[in-house]
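Note that the chains are named A, B and C in the order they appear, and that numbering of residues resets to 1 at the start of each chain.
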């Protein structure tokens, strides 16, 4: 059965394979090879028979085709109510067909399925809450992505992402040495600024184990400094692990379930090794979902919970502001109108709508909700890996319109986006549509507003 | 003929209906898998039950959810259709008369005029459903012949019953057609999309447990549907 | 005094003056010159696309592209390279500030030369990274070595350093700047001007200050200068002190012009890199953009501690 050199059914497990794939500029050769990649129909069907159980089966079968999901989907709204963007249509014309045809689908169909699964659905799960039967098309597209991945029909960047996790246990090529180096470098920087502040690595029995997003280590290490300063200001006993510090999972976006398991087990091992009381994860949405909500299931933990209690950064922030461990200078509260981007992955799918509002009550004087908001908020437009897939930039950019209009309607020109993907999507939105907004994570804002205790103030000479 | 359709055939129809639904329920529950569905049904079940309860209650109340509220017209038609269909099927005096005759039991009944209005409501609702399927592009694209067939199966007992009741044509014939179409619907329920008769609840309970246990139900005051 | 010099460039005309300065300096000290270009901003964490710093266009990153960029750099500076070949060209993708700092650490760099090219990378992607205004600020703030920022062409003989000015706000970072300036003055036998400007803008006082208040402050500053720097002077005699009042950056520039200053050394002390422009942070930025001579930003004590060059 024909497979390409770059585009094939085998996941990437070595650095050489990864480098070879990355050397293919823009994935040109990769996508070319994909056009002649054979579908292993037997494997596809046998995998469906094993994994397509009553929940999914029922969803595909009983869909009443009522169309109530249509305007729950931001892609449908952003594309002028294009009927091919109706969630039910999208899933029935892909997964529905594969099932009805018992896996007997061809290459062209699989490529269409791939395009649908990655460029027409960000797995934000909003349709699930507008379907009377509770049919969750986000969950199903996540399942479809798994089928696509196993057949080799996966966007180039996602294949690379999955390979990164398999090779480096991080979404980018950041090795353990790189990571520890970066931490030391940042520690020097903050010690200069705040005498005595540390970034403890591999400290055992800490109260907090902090894990983050590899891009912070790779490109924006100041994010690590900010987190470190805030933990120190709040007087936390915390640490970062030298191994198992990566919280994100492009493997989840890619549908590489085996890779997902490897990745989260790496983090859970760090928990076992360092025995911290809790884990706090950075301001990232999908990472929270991957490592904390879905991870335990990939790793087969029957409790459905991570080995130690794990909380999102916003929960930690709400906690320290509430308890007064971190004090905000009231005169520095945000005075201009400000709105909040609810990340699908930890608001709708993680239940954190209330703590985020609590934070806003401490930080902002004129907080404006988007409409809709909280559990019902729209995806930023860049979720599910879409931000990073070159093949679908056009579709992504079109999808941003919904969020743009939502932000404009609030009248606020400042968006707090405590999620890497949302942050990126909003930044790109400003780049494309130029609506004159600014945006920020929580950390820099908190640092601006925090009252620095005397013992951290630099000694003046 | 009348004896046959109200006798053995009715037994068969009800048998298929009840056994079919039980089988579907059992199969559904058996097919749930904590690891594949990524919901620990057996751990933190308390939260799951709470989530399931919210999920079902919110959706069986008219305008009880954002979804219903954002489609007000469709919501009214849907609820009128389902309530009329169920109430008139179960509480119509004529139906209970037969029940009494055959099995000696009877339920409370609604006035015949109300039943009549409900039949008309069901028929109008189905017409509106069909118009909606044709008129709205987002519904047209997902509509298949199967969906029309389901509507037909659902409305047939009401059309035939209405004709028979008002004796527009040959009463004997139309009453038999009415009974046959009713039995057809009963038999169709476990085998078609009409299985949502029970799967609606099971699916709603499942997604409710998902949100109640894994997707935040343990972190907030419950999902706002 | 300098063994490894890093020239961080955008390979655009903005950096031409900095380029000649960098080559000159490397020649003078017979140092190895690293020409370093961070050519692409990561558009997204895991995306393979980068924003080309020069064009603002989206590009796909690959090894060939890397080679292409290196060739372009070599081409741009070919005349200079012909004159001095002890240099190494390298490029990478990433957030420029972060990558330059990493390079400094990796190659044990003891002086960085940059153009004042902040507007270019404000282009597409990084524009609003709230945290760091621009590369210059981030590098100057955190670099463990002096950062020389060249924003305009200098016509006079660069290496005849007769007058060095050190601007101070009496902070710890300023002391590092002073120590560097003193060392440099000794080596070059130049005159060291120790300068402080009392900020009399409304921002400091909240109101227009009275003359006696200003005089009071000027006196205080003189006293502090003696207190802090006298013990540091180590017997070096070619020192002049001055305290002026006004808008700090204007006063520094005026003084520099009047005294024919060849190099300004200052701390890029902004309180915190996270806070937006604090007074001195903006002072050095203004000075950098307007100065007629190179400006060296020194911010950390270990500028003097970590590098052998300074111990010699």
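Following the convention adopted for this analysis, a residue touches a chain if its C-beta (ideal position, glycine included) is under 8 Å from a C-beta of that chain, and two chains touch if they have at least 3 such contacts.
If you're wondering where the values come from, they're calculated on a predicted model, not measured in any experiment.
Participant: Point out which chain occupies the most central position, where each centre is the mean of Cα atoms.
Facilitator: Central chain is A.
Participant: Where the centre means the average of the CA atoms, what chain is farthest from chain C?
Facilitator: B
Participant: Two chains share more C-beta contact pairs than any other pair here; which two are they?
Facilitator: Comparing chain pairs, contacts are most numerous for A-B.
Participant: Between chain A and chain B, what's the gap in Å when you average each chain's C-alpha atoms?
Facilitator: Each chain reduced to its C-alpha mean, chain A and chain B end up 39 Å apart.
Participant: At what distance in angstrom does the C-alpha mean of chain C lie from that of chain B?
Facilitator: Averaging C-alpha atoms per chain gives centres 75 Å apart.
Participant: What whole-Å value do you get for the distance between chain A and chain C if each is reduced to the mean of its CA atoms?
Facilitator: Each chain reduced to its C-alpha mean, chain A and chain C end up 38 Å apart.
Participant: Spell out the residues on chain A that touch chain B in their complex, using ranges where they run on.
Facilitator: Result: residues 51, 53-55, 57-59, 61-68, 70-72, 76, 81, 83-84, 86, 88-89, 92, 128-136, 293-294, 297, 300, 302-304, 315, 346-355, 372, 374-376 of chain A touch chain B.
Participant: Within the complex, which stretch of chain C touches chain A?
Facilitator: Residue positions touching the partner: 42-49, 60, 62-65, 94-95, 98, 101-102, 105, 124-125, 127-132, 138, 142, 144, 170-172, 175, 228, 272-276, 300.
Participant: For chain A, which residues are in contact with chain C within the complex?
Facilitator: Interface residues on the chain A side: 22-27, 156-157, 160-161, 164, 171-172, 185, 188-189, 192-193, 213-215, 218-223, 226, 248, 250, 385, 387-390, 420, 424, 427-428, 430-431, 438-441, 444, 447-448, 458-461.
Participant: Please name which positions on chain B make contact with chain A in the complex.
Facilitator: 27-40, 43-44, 55, 59, 65-68, 70-71, 74, 78, 133, 136-144, 147, 193, 195-196, 199-200, 202-204, 206-208, 210, 213-221, 223-225
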